Amino acid sequence: MNWFLKGVRKGVRTEKTPSDVAPWSTELQFKGSKKESGVTSESLRCPTSAIGPGWIAERCVYCRRCYPHYQPTGNHRMGVVKRVEKRFHRSFYLYPIDVGTCGACNTELRLIASPQHDMTRFGIFFTNTPRHADALIVMGVMTEGMKEAFRRAYDAMPEPKLVIALGACAISGGIFQTEKIEADVVIPGCPPSPYTILDALIRAKGGRGW
Amino acid sequence: MIDQMVEALIQVLGTILVAPLYSGIAEKLKGVVSLRRAQSVLQPYYDLFKLLKKETVVPSSASELFVYGPYFTFGVYVLISFVIPVVYPRPVFLTPTVDFLGGALLFSLVSFVKVLSAMDSKSNYVALGVSRAASFGFLAEATLITVFFAVAISTGTNNPYVESAYASNPSHYLALDHLLATVSFFMLWLFETGKLPVESQGLSEMGMIDDSLTYEHSGKPLALLKWGGYIKAYLLGSVWLNVFLLPWGGQVGVLGAFFDIGLMFAKWMILIAIVLVAETSLAKLRLFKIQDHLAIAFVLSVFSLLFSVI
Amino acid sequence: MKTRLIGEMGGYLLYSDHLEEIKTTKNTSNTSQEGFGRPVGSLIFQYGPATGGLIESVGMNIETFGEYIRTISVEPYKMRRISISRSIEDLLLGVERVNGNFAASHVTAFLTALENAYGVTPPRDVILGRVAQIELERIRNHLLVTQRLTEHAGFSVPSAHLLYLVEEVNRVIGRAFGHRYFYGVNTLRGFRMDWQLDLPMLKNIVDEFQEVYRGILDNRVFIDRLQGNGLVSIDDSIGPAARAAGLMYDARLDGDLAEVYGEIGFNISRADSSDAFGRLLVRGQEVSESLRLIGKLNIRAQEYEEGWLDAWEKDIKGFTGGGLGRVESPSGDLAYYVGIHKGTISKVLLLPPSKVNLRLFCSSMTGNVFTDLPFNWESFGIWMSEVGVEFV
Amino acid sequence: MVALIVALLILGLSPVAALIDRRSGYIACSAGSAVFVYYGMANYSNELSLFYVAAGLVWLFSSVYSLYYDHHQWLGPLYSSSILGMAIALTTNNLLVFLAGYEIMTIPAYVAIGLYKKTGYSAFVFMGFGELSTILILAGFLYSYVVTGSLSFSPLTTITPFMIAAFGFMVKMGMLPFMVTEWLPIAHGNAPSNVSTILSASMTLVAVYGLTKMALLTPRPDFFGFILLGVGGFSVFFGAFYAYVSDHAKVLLGFSTVENNGAILTSIGVYLTAPTHTLASFALITTAVYVLAHSLAKTGLFLDTGMMENESLILPRIIKNRLSDVGCVLLASSMSGLLPTVGGVATWALLESLFMEAYTLHSALSIIPIVTGSIIAMGEGFATSTMLKFIIFAHIFNKRSSNEKTRPLILLLLGLLILAGGSATYIFYRPFLASNPALGLPFGLIASEFSSQPFGAISPLYVLILPSLIGALVLAVFGKPRIRRSEVWNSGAPMNEAYTSFAYSNNIRLMLGKLLLTHIGRDGVKVVDVFWSLTHTVAKLFVSFSRHFSRTYMNSRLSWYVIYMILALIVFTVVVVA
């Protein structure tokens, strides 16, 4: 009983709009002066050569070596949705699979369930079997040991299904420089903040984003 | 005859179509109490609707039992909704098909087929959950039977409708045997519908009991299993409300039948409130403590049987 | 302070005060008591690598004859390689990503090892900054562990509330250091801090946590799931597991930062039951202790002059040697050994706390039932990412 | 009457035929059984006729099955003479003839068991209890002779003969406290499958028949019935309970027989104690229906074990295919007392009658049927889990398909019979049929009554049709699923080892450790059956007692049995002539 009352007293802690996002998990932009505009990955010693012409979100691991030439803009909507699946608009079940993470992506992903973010209000849920899943969220660098499990998980899911690559490691191999994973939705960041994740997920199921 | 058919139609459709809503409301409220805006109350419908459109993945060595078992179990649930007073207070078309005990046997028929259908996948995770369900089955099935008989013996008939009417009399309602049976049935309901403190729909495979029965299913069969689950919760819950806790207020006649759907909604809000408190204040019992929970329920029901004759 | 064995790293055994080579190689497989042959009707139940119940990928081979766990062996499926042939800065990025949730601890241990090798000491502010990061990490980790425990118990309200607090801690960290996991915060030249640490906010978080924490300790059913679950043999344990058993094992007393901790007056938190419950008690106390320590540190955001690095930048080429660095991560002793040959890093040895905790977990599982497994697992705060990593 | 003579003649010839040629023996047996079934149906007078039908069907199916099963030269004659014995016992009205038949039925079983397993032990146990049963029955019969002065079954004025004989029959049925020696499981576990079938399905049936026949002759109501209630109830629980924790297919089924016989005994108890005649006759019909349900289902399941290369459920090697899968699922569902099968109707009726009795008594005495009913309810719970275990681990988990058709077909037939049989029970419940046209049931209701007023009602036929109908409707509405095959999801790893039947029931070993004295050691989980540990010593004494006999017996078993059989036959003929 007392927990029921406690819960009621605490009230709803879900936030109406995104707020308070950590700067170094958002989009970077060239802030230097004209004459510095020639900076390259080499000149800035970018470990993942994320500075090509402009800034390449998929590669960035936010080591800040390019600071102050490049600075965070605070825009967290960096996810790239290559395929929208409208059928999941109101019911979207995720099966996360960790193929070689440092653990940060895992916790950030779990945090979209936190009262502040509350994925469930958007009809997004986690599930513990690929059979019930609509999307496979793959995190980390593709390690030998997990290749098999990843293939099985994908095969176990019923159509229609999405593959979502979460974090620099999964997208571009990050600092480990390993193979990249083909995905329908790409969520950059190292790790991506819950806002970025939530925004991409919502857009993947045909929403306007977050 | 025609009237009964219409009333039956209202009762059955009122069961099939409305059942998911109550789960939706319960989940929503549970979410709100745990600091969240939480999903829409219509979420169960959204899920079912999506699953019905999805492909069905069948384990390589599974047979038709795996695919079509859920269709059959759904059919049995629908049949049960003809039989017991879950909306309309008077017998409707096909009600006499089985009596209260027959209903209990139909419930175990469902779980029998459900288990076989799930085990047909040959998944160890299903087996893990099934072995747990099986080991608690002896107490659960016994309680279901004895609880039904508790009312049967006090009324001298095994006809749930008569029992409902009987219990609506305050002197009978407040009798010790009735109260004991009421408590016992509620405890059983918590077990049968996988509510705390027995089970909780979490992500951990290690704690699965009921969830394991749907672990391997997908697409339409999964939708039917989930839907069946909502219906089961509704059937047992409504029996509890109409025969045990609140056996009052049912209106007769075709128009009355529509009113009854609204009445059931009101009654269910009370049940949901009770469950909400339980679900948000309790933690999950250790596995082997579950049998204590059931044993208490069983003993209560046996006592209520004894009190009803002595 | 008596010497204690911490664990094995590379070919060496690490003790609280020295490192010694292993003479006889004994197998340290993560298996609990070896079974006397397989009993009739038993099976190896494969749990993992891809589970919904655990945060990370991990495979468990559980020998059981139904519900009852006889032996259990854990295999890390994700084995990551971090190349040491790259520049120290790049290597530092790798070390950060050995375990995202303990990034500060890892980086600190690594840098300390490096600094010990070169015999340089960073400015006090830098050390204090690192301590602050580690303690923040500890708070977040202990909150997360508690949250996981309540989640497995289907304890919805506290679970949600704790998840809320974890997110809040992350935001506090993010605001102060610019990154929620201290990535890109620590460099060879100090650490970056964009903003003051929001201490009042942190205090509120910890107060709310204490409220929740007391609440769940009142719940008989929840406690029942932890008590007697996962009893460990105390002698060879570390971190919260050791302190739960009442031992004075803590790198904050005998590790590289012991001095600083001593000055700011660190009190060790202990309990008297070596089961999951004891471990929860220790974590509960440590959250408040960490907050107290952070309050005393009053670290400031500021620019650090690079002078203190000249020492090693002078003879960086041609330098040969090695150094050991050990700190108390949220889950126990964390140690790095860095070997340098002719100015380039030739060898990196890592002793992650999770490796030791994993062994403790396995040995404590025999006799448990399946449903208690997640509780025991979470109570150790094991992160597979740091177990399955090798420096090549 | 002609049919009966024909049947007995053919059955009488079959052993001889079997001696010459195995197959012809079984064919004769089948033919005889068929005629016997016909006889039972043709002159269906009262519930006892139902026993004929049930027994006949058991023999028919197992004999036909044996044509494709038995490979032991010596088995045929024993098997068929045992059946002959049963036929005699069932059809005679003379006490001595009954006994002679009873012996002729039992002795060959000793031989079969003795020969099948090289250990004399199970044969001894079986024989010991078999003879104990005979002696008690004999005593009961003698007393009845003293009372009535006639050697034929005739109405009694006192319960005593019934009481004595009842214990004799209960031994045969393996009831508590005799079930505790596990003779029935041991014996049945160690016989060839077709013999197990007639042992478990129809020999116990003969015992039940004798019990019922005696009950019909004794004045009722009588308090002795309450003892039967109690014994029956506990037998149901412990039978199901031990069945659930057994992993040997036949032992499991043996215990399940204990459970079913317990239920049957209970309903006889209800018949004896029922305060109203309506209830009594309801209970009597229930007894017969239960017998039918048990005999058919148990036959099928035991025949199923005949297709196992190894009788342990932990690693069953079963030759099976779709037909036997379907058949056995149906049989198992009946065994677990699920509607709309015969077993379902029987279970429903038994529980109804128990609680009706509690209601009608409406006194402190009601406690007995209530407690019994509750215990049986628990037993039914175990029974369901047990049957699931059998089906899952004999048919679903370990798939090894084969293209054998005949034997699976037999199982399928049995399965369908037991399914349709549920609706056929209307015939037996003739006095209790009801209808409710207004609510769409113009016919097909079985209403349980304790007096004029109905208590409850079911309609197996509707339960048979409606769910499938609605299911089909659901299929029509939602359509067939789009199916794609994929390997089972085992959290990303290949499945190397499948869950075992031992593990399936291990929770109970851990949960009810006090009842099972569960001990977990380095080499696995051990459980001690409490009753067994109590009476183990007794059994051992019995063995040592018959050891000296065993020496000679071991050397030349057959001769001894043959002599014994000839003696019994002489007695039989003498009686018939006299």
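The first chain written gets the first letter, and so on, giving A, B, C and D; residue counts start at 1 in each chain.
The rule is simple: a contact is a pair of C-beta atoms (placed from the backbone, for glycine too) under 8 Å apart; a residue touches a chain by one contact, two chains touch by 3 or more.
Just so it is clear, the model here is predicted, and its values are computed rather than measured.
> In this assembly, which chains make contact with chain A and also with chain B?
Output, common partners of chain A and chain B: C, D.
> Taking each chain's centre as the average of its Cα atoms, which chain lies closest to the overall Cα centroid?
B
> Taking the mean of the CA coordinates per chain, how far is chain B from chain C in Å?
Roughly 46 Å separates the two chain centres.
> Counting only Cα atoms for the centres, state how far chain A is from chain C in Å.
Spacing between the chain centres: roughly 25 Å.
> Rounded to the nearest whole Å, what is the centre-to-centre distance of chain C and chain D, using the mean of the C-alpha atoms as each centre?
63
> Quick one: which residues in chain B touch 2 or more of the other chains?
In chain B, residues 33-36, 55-57, 124, 128, 131-132, 203-205, 215-216, 219, 280-281, 287-288 touch at least two other chains, as defined above.
> I need the residues of chain D touching at least two other chains; which ones are they?
As it turns out, chain D has residues touching two or more other chains at 484, 486-487, 489-493, 495, 498-499, 503-507, 510.
> Among the residues of chain C, pick out those that touch two or more other chains and give their numbers.
Only 43, 45-47, 49-53, 57, 66-67, 155-157, 160-161, 164, 219, 369 qualify.
> Going by the contact rule at the top, pick out the chain D residues touching chain C in the complex.
Contact set of chain D toward chain C: 247, 314, 490-493, 495-507, 509-510, 520, 522-525.
> Considering only the defined contacts, which chain A positions touch chain C in the complex?
Touching chain C: residues 2-4, 6-7, 10, 13, 20-25, 45, 47, 61-65, 72, 95, 97-108, 110-111, 113-117, 126-129, 140-141, 143-146, 149-150, 152-153, 174-176, 190-191, 193-194 of chain A.
> Mind pulling up the chain D residues that touch chain B in the complex?
Touch residues, chain D against chain B: 240, 322, 325, 329, 333, 336-339, 344, 347-348, 351-352, 355, 358-359, 361-364, 366-367, 370-371, 373-374, 377-382, 384-385, 388-389, 391-392, 396-397, 399, 436-441, 445, 448, 453-459, 462-463, 466-475, 478-491, 495, 498-499, 503-508, 510-511.
> Give the list of chain D residues in touch with chain A in this complex.
484, 486-487, 489, 491-493
> Within the complex, which stretch of chain A touches chain B?
Interface residues on the chain A side: 1-4, 7-8, 10-14, 87-88, 90-91, 115, 118, 120-121, 123, 125-129, 131-132, 134, 156-160.
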